[in-house]
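Two complexes follow with chain A in common, the first pairing it with chain B and the second with chain C.
Right after this comes the complex of A and B.
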């Protein structure tokens, strides 16, 4: 049977067309039956089917049945974007023993039904499917390119995410380079005291992971280091690591190799002079973390009044305070009453909050600040019962395991809650009176009354924002979302992978998360890494440039144009390194002899598609 | 019952929902052999029963079916569907044993070709739970169109034993005398991905679920909105009319100490907003109101999704609904405390009311497995902050809602983490299994 199918691959093209309803996503706007009908008589089309979900098992079996019965030798599926399910269908075709590259995908969802409606949507679908059929007719069987993969991963960032991923990869027998830009391990978590909901010391968590990392013979730590050079491809990246002595020398009292509160875990090896090193690695994991939102001057009185501090500062001050009774003291001042304000630098709304020069706002929720704020509020009420706590919030988002308990206990402990709307945020002013600062807010919970209350301290629950890693993003051409965090391929299909092959995400480089969510993401990224590198090789799509040796006259133009340096001259003929080639087609455009073409996306195939588009 | 069939794997995954499938795929892709056990006749769990999913509004099937299909066709993965887990025991560091009962389908899985002829000919109609009970299925049936495996099962309780299915079956697959069968699975590690059930509301009769026709659960609304749904459109159950006014009651069976469910179920805010958006597409003229305590849109892109819903005109009322009762004209009356605006007790009528039900554990390990659970009944993570999938049972891990409510994104990520822990456990046992 299988040999029969192989023979069929080179026979006269007989195309099977499969059009997906996508459960209404497509069929609510595109008349899929009409599309199937319209293309069924195009020369070369053998069958034309529709299905509610082509990607489901019965849908895939429909294609496999047609292949196995020998009625088709080319497949066109018209459905969602190829980034979602092109691989699904190639896999189905492979399992039916046909070459998976005799396949063309027409995107009639993102490029059609989601943006057009009614007859125009249907007629565009016909055009797209007809073009795909025209291309499919000319497709030739291709083989995936197999290249060796290094049994080595590079993790950028030595916070909780980076440490967690390093521990798991080493346990799986993969060599790890852990790149950290500061002299310390632990990242942002080092700035915490106790973590919710377990009340463990953040330092103990960091130390547990960092001790394991320090002991592992498979992990090399690069403190005070950054990636400054990048080339290569999945399985075979070459990175330049630049080490630099820190701007401020590490103080002597925190140079022991263990965790130092609010500084981090000191791993030693702080460089005394700058140096560079080259690394060959198979996978890169982004554990670059987040940075805390810095309120602008005057935002809730920040910067203008020393009685306005961030939650991070409050946590630090309380941790340093030996006192456990009476009234909280911050900066040698007694805090009789404190106002805590949520959503500072989070959930910003266009038109209400002030955008930066790029017209950008942090529109997302930072996920951790509600519980962290209530945790701090409770600590104040527990340790300093004479200090009153007022909490100004929009929604209390204590969503996680045992977090609702913090909200309950805060209410029991007489933390007073006020709910504000973003367009009527609390206003902080300095006034001469019993209290240095006054908070004014319209409280939604008491009939929208304007409330005015004097306080000694204002604490801002500042959110997370994307870490400043622009140079890495540009160097590696990484996708970034509108929230400036790194963008995964798909939040459910491939949540820890980026579109760039072999580059994975771990933790808050992707979005705000708390520590256990960060660890889950880091371990998921590690699992993907082990699956990828475990085989010792990776397979790349064969959509790369190929030279027709009888046409090439050795002009060398392609070599000049190639941005990936993938082409070299072998004697008088151009030669492509398929592992380096990204299939961009620059060489095709400049070859005076038309002697170079991208496999699977040839000039002839484009011409066939354009002809079909003109016709339909 | 003597075990008729014994199988040996590297890992056992209990639960074939999205968590279990992702763990199995991540282990299988690392070269380990995996058994996936599901109590249902199909894998896919709760996710395959949903309509579209937040915040991308992809159809749930578009994400679930390819993962189901990959697992079903994976060289390293074997599915055991329609099996109850009777016992799961760690016998030694390298040996965990699962005792299963294969429930009888009364259809030979090796013979059935999924042609559905039996289903077409069966004269018995039974309310279809897979469709929220809104329409009927037959007494012999395939659970739904994208079920895996595509093998029929006979519902013995409702079968009239008329013999039609056996007569029409082209492969002689129907077997009325099929018996439960014992299966023993042995492996070195296990992942518990046992998922959730919707919060039961029998202790909350004042919400009227099951009593008032036009009060439905959020899962029933998923079916009304789904592409394979019972009516292929959204209709009010009592009279089949299109509702003009629709209300969501949030925290129905979450954050409610009177029900013993004090925790937040994490997904209800977002799925209510998602359903409201889908409803405003399906019924552009309908007014939609969401009665909520706090809107918890905390995930990536969720807050923006919530703000879009507000901009679309969906009304959000901060209120705790106290009572739901029958009003005139087949409407439903909500009595609630208005926490904003003028305050006080308010009453308002709607054509259709959806209860945003929370999550409770689907599985109680008592008497089956010695894994520890928290007071809330979910599996208790032993190292919750830095190794969230580790349980108190050596080499047994947990993924997804089994250890507490989670949305799909967090579930899938955690399933990957559980696979990593399980793989490293295997690696530590014997160095080079993969």
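Right after this comes the complex of A and C.
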């Protein structure tokens, strides 16, 4: 059967068209039955089906059945964006023994049903599918380019995500370069004390992973290092690693190779002079972490009053506070009553919160701060029962496993809750009364009663924001979301992959996460890396230039145009080196004989698509 | 079929690494725009020779927006070669009395929702004002 299918690939095109409802994402706005009916009589179309979810097993089996029965030798699927499922359908076709490149994708969700409605949406879907059919008819079977892949991964960031991924990769026999810009391992987690929901010491978790990393012969740690050069492709990246001595020398008391609270795990090897190194690596994992929001001066009194601090500062200061006192002491001052304010620098609203110089606001929820705040509140109540805790929140989001307990326990421990609206946030003022600061707020829980209360300390639960990795983003051309975090291909279906092949995400470089989620993501990224590099080779799309030898007259114009020097003259004919060709198509436009084309993206195919767009 | 003949059609050549995901981002935001727009995914628009654009106009396309990666083009030298090529297309358009505004070159990033919508709406307003393209040689024939 398989040989018969192969034979059919070069026969007269017989296109199978499959139109997806996408639940209702498409069919709520596009009459998919009407589209299937409208395209079924286009010359070359053999079958025209619809399905609730083409990406589901039954949907894919529909295609495979038609291939195996010999009905079709070209496939068009009209569904969501090709970045989501082009590979899915190519895989389905491949498993049915047909060449996966005899496939064209029509994007009728992101570029149709989600932006148009009613008859225009249905009409546009017909046109887009007709254009895809026109292209599919002209497709030729292609073979993927197989290249050796380095059994090596580079992890950027030595925080808990980077450490977790490094340990897993080394356990699978993959060499790892762990690039860390500071002299310490542990990242932001090093700045924590006990972490929810297990109340373990963050330092113990870091030390457990870092000890394993230090002992592994497969892991090389690059402290005080950054990536400054990037080229290559999946399986074969070349990176430049630049090392330089830290601006501030590492103090002598934290130069032992173990975890130092609030500093990190010192791995040694701090460089004393600048140097550069080139690395060949198969995969890059972004474990670049986050940076904490820094409140602007005057925001909830921050910067103007030393009694207003961030949650991170509180955690640091509490670690130094005497254990046996009935009342919390911070910076040698007794804290009889503390106000904790949620959503500082998170869930910002245009028109209410002040945008930065780029007109940007952190509009997302930072997710981890609610539980972290409640954990700190509980710790105060447990360790210093004479200190009162007032909690000012917009919404409580203790979303994770066992985290709701923190909210319940905080209530049991007499933490007092007040709920505020974003346009009536708590106002902090300095007073000369019994307490140095006064908090004023309109409390939703007591039907908008105005509350005025004196406090010794205000703690701001600041959120996570994207780490400043602009140079890496620009160098590697990485997709970034509107929240400035790195963006995965699909949040559910491909949650740790970037659109750039061979680049994966681990942890808070992608979004705010707690340590559980960070380690989930890091292990997922490591598993994807092992699956990718385990074969020893990667397959690249064969979308490179190819010469039609019967048309080529040897003008040499393509050779002059090619920036990669991928084309040479072999006798009187141009010849392309597919390993060097990037498939940009510069050669296509200059050939006077139209004798060179990018496979899978030929000029003729585009002209056929334009004809279909004009006609339908 | 998608539009009536008088409405005119806009062809958008969108680069797969920048503008095409940018158009998807507009979709993810459910921001509406005219339906007479047809996006073709391209690796780099430098692939198209001058005659491709003229042929599109002759076939009846009313406006073309090339949404590239601009200076962020992943292919070395491609953007500058392309910009030069577009200059040649403008010369050909001028020779045929085709309003140069029917061909628009712009850079659209993966999250450039507002610029995408502006370009599309501007071109739609323009082709409504201008009507279908008429070639000088066809008018004289």
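Operating definition for what follows: the second predicted complex is superposed on the first by the 568 of 616 C-alpha atoms of A that agree within 3 Å, B and C clash if a C-alpha of one lies under 4 Å from a C-alpha of the other, contacts with A are read in each partner's own complex, and residues count from 1 in each chain.
Throughout what follows, contacts are C-beta pairs under 8 Å (C-beta built on N, C-alpha and C of every residue); 3 or more make two chains touch, one makes a residue touch a chain.
This one's a predicted model, so the numbers in the text were calculated from it and none came from an experiment.
Annotation: superposed three-chain arrangement on chain A; chain B versus chain C shows no clash, the two fitting side by side. More residues of chain A lie in contact with B than with the other chain of the pair chain B and chain C.
When the two structures are aligned on the shared chain, A:539 is found in touch with neither chain B nor chain C. Applying the stated contact rule after C-alpha superposition, one finds that A:531 touches chain B and leaves chain C untouched. Shared-chain residue A:583: touches chain C; no touch with chain B. Contact with chain C, but none with chain B, is seen for A:598 once the two complexes are overlaid on the shared chain. In the superposition on chain A, A:614 makes contact with chain C only, not with chain B.
In the superposition on chain A, A:575 makes contact with neither chain B nor chain C.
When the shared chain is aligned, chain B comes close enough to touch A:21, but chain C does not.
Once chain A of one complex is fitted onto chain A of the other, the partner contacts of A:57 are limited to chain B, with no touch recorded for chain C. Once the two structures are overlaid on chain A, chain A sits at the apex of an angle of 110° toward chain B and chain C, using CA centres and rounding to a multiple of 10.
Superposition on chain A places chain B within reach of chain C only down to 8 Å, the least C-alpha distance between them. In the superposition on chain A, the residues of chain A contacted by chain B and by chain C overlap at 481.
Those residues of chain C that touch chain A in the shared complex are 1-3, 9, 11, 17, 21, 23-24, 26-28, 30-33, 35, 38-44, 46-50, 52, 55-56, 59-61, 72, 74-78, 81, 85, 110-111.
Chain A makes touch with chain B in their complex at residues 21-25, 52-53, 55-60, 80, 84-85, 88, 91-92, 95, 160, 164, 168, 171-173, 195, 197-198, 200, 205, 208-209, 347, 349, 363-365, 367, 395-405, 408, 419, 444-445, 447-448, 481, 483, 485, 490-493, 495-496, 510-512, 515-517, 519-528, 530-531, 534.
If you check the complex, the residues on chain B that touch chain A are 26, 29-31, 51, 53, 55-56, 58-59, 61-63, 65-70, 72-73, 145-146, 148, 150, 226-228, 255, 262-264, 266, 294-304, 307, 318, 339-343, 381, 384-389, 403-404, 408-410, 412-417, 419-421, 423-424, 427-428, 434. On the chain A side of its complex with chain C, the touching residues are 38, 81-83, 107, 109-112, 114-117, 120-121, 123-124, 126-128, 131, 474, 477, 479-482, 487, 499, 543, 561, 563-564, 582-586, 588-590, 598, 601, 603, 606-607, 609-611, 613-614, 616.
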